[in-house]
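Both complexes shown next keep chain A, but they swap its partner, so chain B is in the first and chain C is in the second.
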Partner chain A sequence: MFFRANVALSMVSVALQTVLLVTVWRAVYTNRPAVAGISESDAVSYAVIAMLLWHVALPWQLSSIPERVREGTIATDLIRPVGVVGQSLLQSFGAIVGAIPGVVVGLVLALALGGLTPPATGAAFLGFLLTAALGWLLAALLNLAVSMVAFWTTDTRGPFYVYRAIASFASGALVPLWFVPASLRPYLDALPFGLQVFAPLQLWQGQEPLGGLGGVITAQLGWLAASTAIVALVTWRALRKVVINGG
Partner chain B sequence: MIEVADLIKEFQKPQPTTGRLSGVRQLWAPRRAVRAVDGVSFAVERGEMVGYLGANGAGKSTTIKMLTGIVVPTSGTVRVDGLVPWANRRKHAHNIGVVFGQKTQLWFDLPLRVSLETIRDLYRVGPAEYAARIDEFDEVLQIKDFLDTPIRSLSLGQRMRGDLAGAMLHRPQVLYLDEPTVGLDVVAKQALRDFIAEQNRVHATTVMITTHDMDDIEQLCRRIVMIDSGRVVYDGDLATLKRRYLPFREVVVTPTEGADPTSIRAEHADRLENSDGTISLRFDPERTSAAAVIAQATSVAEIADLHVNEPKLEDVVRLIYAEAER
Partner chain C sequence: MADLIRDFRILLRVAWLTELEHKANLFISVIGALAFNAGQLLFIGVLLHAFGSIGGWTPAEVLVLFGIRMASHSVYAFFFRRTVDVDLVVHTGEFDRYLLRPTSRFLQLLMRRFNLQQIGDVIIAGAILALALPRASISWHPLLAVWLALAIAAGGLLEGGLQLARGALAFRLRNTQSLTFLIDAVLGTYGNFPLQIFGPVGAVLFTIPLPLAFVAWIPAAMVTGRVDSLWFPAWLGWLSPLVGVACMAAAITFFTRQSRHYSSPGS
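The block that comes next holds the complex of A and B.
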């Protein structure tokens, strides 16, 4: 009952965000045909889909590992025939399934309000789906690496705030990266976060992301390999560091 | 089945700091090693039930966490059915079941049925085996009464019965129980003990149990391993432990009204007058027998009642823990 109510409320929340985003971005474009070369319809559509990606992929929210380390219940995860990393990734995947009703509501409402432009082409849509999926996996692995800090610090709020501040901005989920000053772009392009939201959305809108579709996928695979190595190393170290709180 | 040799676990703790900004200075305070387990060695045969005892902080739970692969030791070796637990976590997980009295391995928000089905899938238990085991467990644990209740809504006794079913669902060779009866009422405790004894008897499950409830030990274990300050101080059978620490028995006599209590004595027995008017005759069974003490006591005065007190494990443990504190 509580969980069904939670899903229903998250659908209401997505609906509210969709209406607000469409209204605010249209207000920003009042009497302006384009800002930084981006049309109103593209900007509104970008804002809605970025919000839905945020909702469905829960980016930059840590896994349950920090809470389980703090409470000592990580002990029961360590005696399972599935690794802690596998359990955490499966849990993140389950969260996606739980977020699907909210996404459906957001898409339907955005379409009804005329705030959603369809993908530029069928190929663009497939490119979006593939890169968004790889972007989600990258976000999940990076979240996991940051979560593992809990094995050293118990309280992960400090590292989490820093991580979320950087990741949410650098991904383009808060502000599309078109509007970021050119001097900042090389730094943001060097980070993996733009590959999670901005690059897939560029593909949706028929724009050429940095390096094209092949370049985005190559960069995502490279970052996935690097983050997998980081997670493996951090996990290996963390499991030698385990202290079970609460006896 | 379980081989432990020279097992050591040290935790690094910051040295306490005091004075101004002590909370900040604590961040780079020098660390000191605290040894929780200090050279523990023992071996457990297949099908044995072993009580692993010790006062709070003696290192029991840390040892169990190393045996289960949760915690990696500083040094020493552990092999459970030939596997090093922390190096072969996934394979080892199929060999062991674990019940923590203080934490549940079930999913807090899911009904017990869904938790057990999830465990079934995690451990790849077939549907027919699963159904048969649920029926078998239900005979003693009576879990079918609350299979559809979320774990968060179960009483502690029900939750522990569910936890035990979850731990044994994949029929592990070794069952570790870390204070499984803490906080349970007598009926729930007995159900758990009956279940553990049956699993051991029918399936030769090796059981290792830490507990502060001496009835758990007296009913389940023939062998005790006792640790203090991380070291094994006793490893042997229960009867020998009692003989070593409480080598005497006691005949408690209630004289009839008018009888002279001072006359109640026996050869080779210390005489104690209790505050309730009874007389205790404490004797070493190697020097005299209960029958001889009773015969002498009843020959000199008229007796209203008498009984023989056997040494209790609880008294033995209290004695050992008190020694350790000194």
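The block that comes next holds the complex of A and C.
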């Protein structure tokens, strides 16, 4: 809690975004009972929960690795008994704890504004929790794989921006994938990002995601295996490339 | 003043040459900036595709607003983006060097690195304005074109001023990262909407305490003639670029004052 002010500002940030999201989605729905078969209350609720999921899954700092490579402190990480990947994943998990106050503020505020619809059923809620947790793990692994570009280049802004733009849009965090033109959907469905936000939220709202609950979990496990392999491969290559800064 | 301009030229040249030294990196960074802005364009595009219009504004009018916002952001990103680095400059003790050099600390902050990657922003902004302006029914006049250019520059000053004022807080609060992202997110996402959609109270809030309206909403309403959306007399809208200039001037003063609270980490 060294940076208390930052935690407080993060809560203010989530609160403000919650209010804005609720207002924007209600405004675009003015005089429209439903668009693409989605009612105003479902769209508002989706937007708020998607923002909160994304707040946890795609933090501004993808992992601690770029900073530690730049500072040269990665040398210390390499000699620790827990590998670099393990340390970074555990730090990402710790970051969830730091994000909890913001998530709670967002949920409470959305409830107060009448912007949250409850899960369709108890089973839908359980399905949401399970797929959202797997989706977070998938996001954490992909964030880690992308952040390892820092072993090759000191300036990581370009690759990070590309990743962040694609992931934010394709996950359905910016705009629900119901509204995306049908011609784009097959490309977005082929990517792992929709499994992190859109599919869990479809379950929350009692909709049948692509392949049903079983299909989503199978796809998530498949992508988790692929991401693990990618992380292992990138780590293997990166540790042969690592330059320790600072002498 | 002449010294300040000379210093600016020297620092700009150094920063420019530094960026050009790593051409592959520059190319990837430009692609990154293009992708980031294309993401925002997709967001607005999908909304317009699904809903047809937003707040009574036609897709062309919304795209003019988006183009103005993006162009202002390019001005900010090109000249003032390093205001987001204040946290880093304070934590690492880089600010020690600024105190020792015989030129403006603010200038040194801006020129610690020149952001050529923002060419990506300029490309997207130019493309959107070129696409949207002819499609919106605008009664063009040379003075209107000049005013639009001024309004875009002032929007960049406003965004830079907000980030600089936020950065100045880092001298006391140490970490203001969340506020950086909040300003980025609010301007980058909600700055793209005609603000009357937030209702009368929201439109006032986004004009007076949070000056988001001056970045794109007011300029777009003035240029497209949608002044019926504004909550104040239309003639006041022509004065809106002054707010950006005032915001930057106030932020520089605030930054200078807050920098007196700097405590070196000793590294």
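Just so it is clear, the second predicted complex is superposed on the first by the 241 of 247 C-alpha atoms of A that agree within 3 Å, B and C clash if a C-alpha of one lies under 4 Å from a C-alpha of the other, contacts with A are read in each partner's own complex, and residues count from 1 in each chain.
We take it that contacts are C-beta pairs under 8 Å (C-beta built on N, C-alpha and C of every residue); 3 or more make two chains touch, one makes a residue touch a chain.
From a predicted model like this one, the values you see are computed outputs, not experimental measurements.
Visitor: Is A:Leu174 touching anything from chain B or chain C once the two structures are fitted on A? First, second, both or neither.
Guide: Second partner only.
Visitor: After lining up the shared chain so the two structures overlap, which partner does A:Pro159 touch, if you call chain B first and chain C second: first, second, both or neither?
Guide: In the superposition, A:Pro159 touches chain C alone.
Visitor: Between chain B and chain C, whom does A:Gln17 touch in the aligned arrangement: first, second, both, or neither?
Guide: In the superposed model, A:Gln17 contacts chain C only, not chain B.
Visitor: Touch test for A:Leu210: chain B only (first), chain C only (second), both, or neither?
Guide: Neither: A:Leu210 stays clear of chain B and chain C.
Visitor: Could you look at A:Leu78 and tell me whether it touches chain B, chain C, both or neither (first, second, both, neither)?
Guide: Only chain B; A:Leu78 stays clear of chain C.
Visitor: After superposition on the shared chain, which partner residues are touched by A:Val242: those of chain B (first), chain C (second), both, or neither?
Guide: first
Visitor: In the overlay, work out which of chain B or chain C sits against more residues of chain A.
Guide: Chain A has more residues touched by C than by the other partner.
Visitor: Give one of first, second, both or neither to describe whether A:Ala5 is in contact with chain B, with chain C, with both, or with none.
Guide: After superposition on chain A, A:Ala5 lies in contact with chain C alone.
Visitor: Check chain A for residues that touch chain B in one structure and chain C in the other, and list them.
Guide: Chain A residues touching both partners: 3.
Visitor: Would you pull the chain A residues touching chain B in the complex into a rising list?
Guide: Chain A residues touching chain B: 3, 71-73, 75-76, 78-83, 239-240, 242-244, 246-247.
Visitor: In their shared complex, at which residues does chain B touch chain A?
Guide: It comes out as residues 11, 61, 65, 68-72, 86, 89-91, 93-94, 96, 98, 100, 102-105, 109, 122-123.
Visitor: Residues of chain C touching chain A in their complex?
Guide: The contact residues of chain C facing chain A are 22, 25, 28-33, 35-36, 38-39, 42-43, 46-47, 49-51, 54-55, 117, 173-179, 181-182, 185-186, 189-190, 193, 197-199, 202.
Visitor: Within the complex, which stretch of chain A touches chain C?
Guide: Its residues touching chain C are 2-3, 5-7, 9-10, 12-13, 16-17, 20, 23-24, 27-28, 30, 32, 35-36, 60, 153, 155, 157-162, 164-166, 168-169, 174-175, 179-181.
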